[in-house]
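Across the two complexes that follow, subunit A remains constant while its partner is subunit B and subsequently subunit C.
For the complex of A and B:
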């Protein structure tokens, strides 16, 4: 099959706007009469609020409103478990708890006013790790719940793990831990709330979930006594999200409340400090894993127990164990699987979705453990992976129907490009190679009642197309990829397709940009809508050219007869003929695409996604054994993505993912001490800089997924999933020590080397 | 950010009299530290007096050593060939400070007067025996840089005084210096530990140095030391981050100075340097690790200095 628009390396449509500074972010947006909101956060991680005195703040000239918990209806709660009041009135449970908020005519006055609010606290003992939080004598955060363990029964059982153990010749057991890492979006969180004269709300937002956010805010308006109103979400240019904007947050409800009180637009934008401490990071995990294999290396079982630090409140992030089940049950063929996870409240920051949604934490444990198993069984880690690699057509223990699967090809490519056979185990105590693979949803993921996305499409008199999609562009390239799919289907140039993706008043419903689903789901939705409009168009052309409809072909904006290409008409002219005639018509179509995947059942089984994506990363490292520093010499990332709609953006996703993964593996962590964030700035939070970036050799394996738009599967998240275990495995190959606790810092390596050498550790 | 008035004097005298006449004033050069501190509410001056438009603070004089103006930005200093050739430790530091964007505004005078224990140019200036030239009401005075640093953020100058330049002596050809910054990242990072050294060999060893280079090359330096009895005439070792101020590890220096450089004296120097260090546990690094790194960096920086000295003689 040959393509015109699909497969083209087209730069992202809004890239020129971004690099020339013309793209408008929340921070750039000013509305007439707009006020600036600021939130007062808690001074303590756990305390009772005895009194809040806002009188001094209210008297400060320029202050237009001050709000506290009493301004929200009693018992108004937000979040996945409805455990989070947007403003806290009785108790604070973390240092990011919102106590009061002000809005004023300038950000400086708002900030000064916040400092004038006096809060009397009764400090309570806090609990800062999930193990302590589960003890009987631990302080209970949410007293009404009676326990710090969330009532979310994450448990998956497939086959019989005990039987699997009895069939094992080799068994390994290890415990792995991962840290808090944060998204580090270039643009910080923020919104502008604005009510019209009829109390309809417009929220300028950088949310990833416009339709679900609309639903959340409608609920809030209801609670505030504003029944039967409208909520319009307008998304500005979103400067990165990575899962951080996959929920609605207290600051948004506070902005809405302030706007309602003042009848003015109210903007709240986080400072970088606030972005670090008041947004939700990836959850840290403690994972006990054991797996076994036969003498020949066939995996027999995998058993995983996990504890997650939920933080003080519950967002969608508490559902990450449902995604962790995916690699635990279905990465490689393993017949017997058992997985249990507990999410535990602590007085730390509450956690949320972050690219990979739990998969990186789980895969770190699985793939590190697999290398351990390889060592114990004496089988080369690459061979062990090939023996157990997933294959097309299989149904995994969790019930995933694997359609296309390029895992073996990915493994082979990585081994070849790393020169695996020559290098493995031969690095002279300094150099080593390692690999790790991934499975992820690649055809949507039904985590909500619908996994759908709507598209409305119209063609104008000049042959240009407007596509109104439910999809959100958070920088990943939905604007460009959807244009390419529509252009391909209609036979018109990509630049003639305008994608509108930022306004709930005009764009149809979509569940949100998550689960690497946009190219697949929004792409299919756009494709089918384009197909409908194309049917109309070819019908019009067939009448004008007096040829059968099946004979009509459109290329580069010209419609012609396949059998007699002399007969042709520009598409624009054909449309005008249909438009400017008696009983004329316009070309418009719509489609709502909801993939044929399934919600997981009560047993957490079912075909979660319509297609699954695979990949393998391979790394060669050099370890400085005197300092413990790790240098990445080579990084190969092979991914089965079905079809590359836009190889340029695809490589960008993989490279960006891998760099995020390397940071997760080696340097990034939020340091919390007793509930306080200690490194909330870019100097001390060690995200990689461009000077640290290593070239990522991307390998694209096209398996042509039947259900995907032109064969494509999702790729938003996979790029960072296997980075950490691949690096950890390479380090082990180099120096013979396995670091089971992320990030793998020079200190941990040096300490482990000293312990191995028996020279003791001085820590 | 708290508001302040901004003044742009054209001469040292004007700057000084502004400082004297204004309440709660502070000098500012590149602003990469001062403005961050103001934003973080660590200080709140009412007046900032910019030193950036005073031409005399941007001098470069290449006579009997090198004199560099305090308001030269790091990226400009990188272009001075003499620094690269004769004051390599400083050159190393200039390439490692912040990022190119920072180096394009931050000045060397600012880096020194901010007096962070991790200041990148501090250790190199310490091993290069720099003199700090200071202008004030009583005229101009010189202070050896080793006496200039007093503690974290404090230096031996009146608030009204202005550091105008740094004077570096000229060293014999058979001299090498180096600076190593140990970081978690390649840019935009503070050192966990930093070390600089300078080694000046004896004049009579010049031919030996040449032989060394022609026979083995410098790659195998540490292994070959025992075959080449190189006499160290002068040794300087300075450490950053592992004390309240950047400092010279003088006991470590004395392990080398006036002695032959060999595996044993080198190891002693590294051990001594680690003893002299007073590292702390912070979120940026653990004390035990920092102490270990003092040993490693001291060794590496000395070997790099030796290598450069040898190369200078070739």
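For the complex of A and C:
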């Protein structure tokens, strides 16, 4: 099959706006009469609030409103478990707890007013790690729940792990830990809330979930006594998201409350400090994993127990174990699987979704442990992976129906490009190679009851197309990929397709930009809507040209007869003919696409996604045993993505993902001490710079997924999933020490080397 | 106490009354309403606010407004021609796929612009030096470096 628009390296549609500084982000937007909101956060990680005195703040000239918990209805809570009051009145449970908020005519006055609010606290003992929090004598955060362990039933059992153990010739067991890392979107979080005269709300927002957020805010309006109102979400240009905006947050509800009080637009935009301490990072995890294999290297079982630090409140991030189950049950063929996870409240910051949604933490444990198993069984790690690689057509123990699967090809490409056979184990104590793979959802993920996305298309009198999609663009390029799919289907140039994706008043419903689902789900939705338009268009043309409808072809905006190309008419003219006539019609179509995947059952089994994507990353490192520094010499990222709709944007996702994964592996860590963030700035929290950039070699494996739009599967998240274990495995190959705690800092390497030297040869 | 300053902004003379404690970034965004220059941190660590002052890339968030008196300032808004024709670095960023969320982009481009003002044929090391203070969370920098490197091809 040859394509015109699909498969082309087409620059991102909004790039011209962005390179000229014309794209408007939340901080750039100013509305007439707009006020500036500011939040007062807690001084302590755990304390009772005895009194809040806002009188001085209220008297400050320029202050228009001051709000506290009593301005929300008493039982109003937000979040996945409805355990989070947007403003805290009785108790604070973390240093990011919101106590009061003000709005004023300038940000400076708002800030000054916050400082004038006096809060009396009774400090309570805190608990700052999940293990301590599970002890009998630990202070309970949410007293009404009676326990710090969340009542979430994360447990998956497939086959019989005990039987698997008995069939094993080799078994390894290890414990791995991962740290808090944060999204570090280059634009900080923020919103503008505005009520019209009828009490309908417009929220200018960065959200990744416009339709779900609309629902959340409608609930809030209801709670505030505004029944039956409308909520309109207008997304501004989003300056990075990576999962951080997959929920609604206290600051948004606070902005809404302030806007309601003042009847003015109220903007809250976080400072970089606030962005670090008051947004939700990736969960840190403690993972005990054991797996085994037969003499021939066939995996026999995998058993995983995990503890996650949930922080003080519960967002959607507490459901990451449901995604961790995916690699645990279905990365490589393993017949017997058991997984249990506990999310535990602590007085730390509460966690949320971040690119990969738990998959990177789980894959770090699985793939590191697999290398350990390879060593114990004397099988080369690459061979062990090939022996157990997933294959097309299989159904995994969790019930995933694997349609296309290019895992073997990915492994082979990585081994070839790394020169695996020549290099593995031969790095002279300095250099090493390692690899790790991933599975991720690539055909949507039925997390909610609907995994759908709607599209409306209209074609105007000039042959130009407007596509109104539920999809959200967070920089990944949904705007462009959707335009390419529509252009391909309609036979028109990509630049003739305008994609509108930012306004719930005009765009149809979509569950959100998560789970790497947008190309697949929104792409299919757009494709089917375009097909409907095309059917109408070819019908019109067939009448005008007096040829059968099947004989009509459209290319480059011209419709013609396939059998007699002399017969032709520009698409625009054909449309006008159909329009400007008695009883005329316009070309419009809609489609709601909901993939045929399943919600996981009570036992967490089911075909979560319509397609799954695979990949393998391979790394060659050089470790300086004097300084402990790790240098990445080569980085190969091979991904089965079904079909590359836009290789340019695809590479961008993989390169950016890989670098974020390398940061997760080697340098990034939020340091919390007794509930206080110690390194909340770009100096001390090390996201990678161009100096650390690695020439990621992207290998695209096309497996042509039948259900995908033009064969495509998702790729937003996979790029960072296997980075950390691939690097850890390469380090082990280089220097014989396995670091089981991320990030792998030079200090940890030196310490491990020292221990190794001290204890003979045991790593 | 406000003070008067006079300087060139994107080729036009500006005379303004400013508060001495203002930064150049504050002035650009809040007084001139030029929103193309971004604030990513406000303390000199991200480069999103990069503008060019007398041919040098600076962090506008740290640059005292009084110091621009008599100088020439170029911001992202000043790069393309009035007829909309893009600067070759802008074109290169578009074509090489160096733009994702785009928040770092104006700062990156201004750093690259200052580099080209200084050197006609920058090599990879020059490029890295020029943008080492510009953080990008989306791209992994590969396409950004590529865009700056290949920009000279687009220079007519």
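Please note the rule applied: the second predicted complex is superposed on the first by the 758 of 763 C-alpha atoms of A that agree within 3 Å, B and C clash if a C-alpha of one lies under 4 Å from a C-alpha of the other, contacts with A are read in each partner's own complex, and residues count from 1 in each chain.
The criterion applied here is as follows: a contact is a pair of C-beta atoms (placed from the backbone, for glycine too) under 8 Å apart; a residue touches a chain by one contact, two chains touch by 3 or more.
Note that the structure is a prediction, hence the values are computed from the model and not measured.
Of the two partner chains, neither subunit B nor subunit C is touched by A:451. Set against each other, subunit B and subunit C touch different numbers of residues in subunit A, with C touching more. In the superposed model, A:367 makes contact with neither subunit B nor subunit C. When the two structures are aligned on the shared chain, A:474 is found in touch with subunit C, with no touch to subunit B.
In the superposition on chain A, contact is made by A:682 with both subunit B and subunit C.
Once the two complexes are overlaid on the shared chain, A:691 sits against subunit B and subunit C alike. With both structures placed on the common chain, the touch criterion links A:627 to subunit B but leaves subunit C unconnected.
Of the two partner chains, subunit B is the only one that A:747 touches; subunit C does not reach it.
In the superposition on chain A, A:16 makes contact with subunit C only, while subunit B stays out of contact range.
Judged by the touch definition given at the top, the superposed model places A:247 against neither subunit B nor subunit C. In the superposition on the C-alpha atoms of chain A, the part of subunit A touched by subunit B in one complex and by subunit C in the other spans residues 682-683, 688-691. Of all residues in subunit A, those touching subunit C in their complex are 9, 11-12, 14-25, 27-28, 30, 183-188, 237-242, 271-272, 474-477, 648-649, 651-652, 655-660, 681-683, 687-691, 693-696. Residues of subunit C touching subunit A in their complex: 29, 33-43, 45-46, 48, 75-77, 79-80, 86, 90, 93-95, 97, 99-106, 109, 127-128, 131-145.
On the subunit A side of its complex with subunit B, the touching residues are 108, 626-628, 667, 671, 673, 678-679, 682-684, 686, 688-692, 745-747, 750, 761-763. Those residues of subunit B lying in contact with subunit A across their complex are 1, 99, 182, 184-190, 283-286, 288-289, 291-293, 296.
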